[in-house]
Amino acid sequence: MTFRTTLRVRFGDEDHAQMVYYPRFLHYCHQAFEDFFDRQGFPYWVALREEKVGWPAAHAEIDYRRPVRFGQDLGMEVDILRVGEKSVTFRHRGYLEREPDAPAFEAEIVVVTMDMSTHRSIPIPDKYRAFFERHLVDAG
Amino acid sequence: MTFRTTLRVRFGDEDHAQMVYYPRFLHYCHQAFEDFFDRQGFPYWVALREEKVGWPAAHAEIDYRRPVRFGQDLGMEVDILRVGEKSVTFRHRGYLEREPDAPAFEAEIVVVTMDMSTHRSIPIPDKYRAFFERHLVDAG
Amino acid sequence: MTFRTTLRVRFGDEDHAQMVYYPRFLHYCHQAFEDFFDRQGFPYWVALREEKVGWPAAHAEIDYRRPVRFGQDLGMEVDILRVGEKSVTFRHRGYLEREPDAPAFEAEIVVVTMDMSTHRSIPIPDKYRAFFERHLVDAG
Amino acid sequence: MTFRTTLRVRFGDEDHAQMVYYPRFLHYCHQAFEDFFDRQGFPYWVALREEKVGWPAAHAEIDYRRPVRFGQDLGMEVDILRVGEKSVTFRHRGYLEREPDAPAFEAEIVVVTMDMSTHRSIPIPDKYRAFFERHLVDAG
């Protein structure tokens, strides 16, 4: 089950070359990741502040396929490629309205479950494991 | 006694209009504020993390006089205009190399001394009061 | 006629002190300013890219009244305080849901109409003057 | 020949979790990339604005190995892993002072040479090819 959210590309997101500054795409991924939690019954701030669990990134890979510009909407798709013992691999794809079939960029981000009090990695809590597994992309 | 530091204007600091995005100037002010502490024997992270004292902004005013662009160095000047019971008014001015006499922008920022454990305002600790007063601009 | 839009406070908007980093509030103001144009029939990117007219900031003042945190929605209100020959004074106020009567922050930003080809200030084009005047706060 | 530069980790670079926000590491990479050009006789703004050549990212991969925090200096190392017909693969590594042997993060970024007037990819101009090849990491 793919999760979808829309982000607005902002005036300040572009850089000197008048295209979105490439580090900003990971900021889009994180915002889609926040919406993924927030809009499906698991507000991320509750996880962080009350349950003291978070998912910092351990690895990120991103393909930049087309320039993205100020004034466009980015249709973001979030899937999960793998749920491990402690880690989860998210896939984030961003689409421009005029090209609904080919993502403007695509990222894979491995996050690790962390106890935010001790800053140590921990196994994924059961309720989050079930939540993540519902978004697994089937291989077959 | 004016404190001086230099900041590099970065590729990603510009916006769609190919000038520095105006909110970024307050980020320059904060970086100059950090250098002000760090390079004069009062590392700001020590204040925040060990002494649990910080200075969040209560008010900021900024005049944007000339466009600032990627690839330029900003010569920053930091002065203090007023030291109150709990608050301090900083003045930040940024100069481009080719115009050493007229700031490209000028900001006044009122910060309040805060106990970072309780998030309540407190009187300025003595050692910081003495430090700030050394940077007061004389009116007379 | 007050314009309203809602912005989401993001995980990455906070700083070391776990409150929104104060320069980011001007970024919120600019995003509300973009929505003000975009959602009322004057897409800002069309102004900039096709009509070659833009409104860079000449002056900004901002009062920070309460801390704003990750996971909150900011209800933004945009009004216009003054329409001059070339300049316009915007007022931006941001409200947290639990305190609908007292803004968490309030900013006044003076922007100047600029020909984006020449980077020179110009009188406000008629259609934008009429648009801005509809949002003027009445003094009387 | 490895290029080295130092970046300061700023107060506003941290996020809610009081560690550097992971998208910001690519911003560090871009700043190191700018210094790589600027400090070795090829100012990046001259390439972009006068020669109309630039190197946008096509692909980025990054490993986050240790948390990086406000108040630290990041010793950045820049190497080149591959010089292609049009593309160049940069490696960026960031070191904390107390761990000089193990990078806190490591990134590989593939950039493509672009004619900034037409936004089309072009072969690497000779002077830049020679420059990049001087920084190639030897495989043997």
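For reference, chains read A, B, C and D in written order, and residue numbers begin at 1 within each chain.
By definition in this document, a contact is a pair of C-beta atoms (placed from the backbone, for glycine too) under 8 Å apart; a residue touches a chain by one contact, two chains touch by 3 or more.
Model, not experiment: these values are computed from the prediction.
Student: Taking CA centroids for every chain, report which one is farthest away from chain A.
Tutor: B
Student: So the centre of each chain is just the mean of its C-alpha atoms; given that, what is the distance between chain A and chain D in Å?
Tutor: 23
Student: Which integer distance in Å separates the CA centroid of chain A from that of chain B?
Tutor: So the centroids are 34 Å from each other.
Student: Between chain C and chain D, what distance separates the C-alpha centroids? Give it in angstrom.
Tutor: It comes to 34 Å between the two C-alpha centres.
Student: Check each residue of chain D and list the ones that touch at least two other chains.
Tutor: Counting only residues that touch two or more other chains, chain D contributes 11-12, 16-17, 21, 23-24, 27, 30, 45, 48, 70.
Student: Among line, ring, star, complete and other, which one matches the pattern of chain touches?
Tutor: Graph shape here is complete: every pair of chains touches.
Student: Would you pull the chain D residues touching chain A in the complex into a rising list?
Tutor: Going by the criterion above, the answer is residues 16-17, 19, 21-27, 29-30, 45, 48, 54, 56-64, 67, 116, 119.
Student: Spell out the residues on chain C that touch chain A in their complex, using ranges where they run on.
Tutor: Touch residues, chain C against chain A: 8, 10-12, 27, 30-31, 34, 38, 43-46, 48, 69-71.
Student: Going by the contact rule set out above, which residues of chain D touch chain C in the complex?
Tutor: Where chain D meets chain C, its residues are 11-12, 14-18, 21, 23-24, 70.
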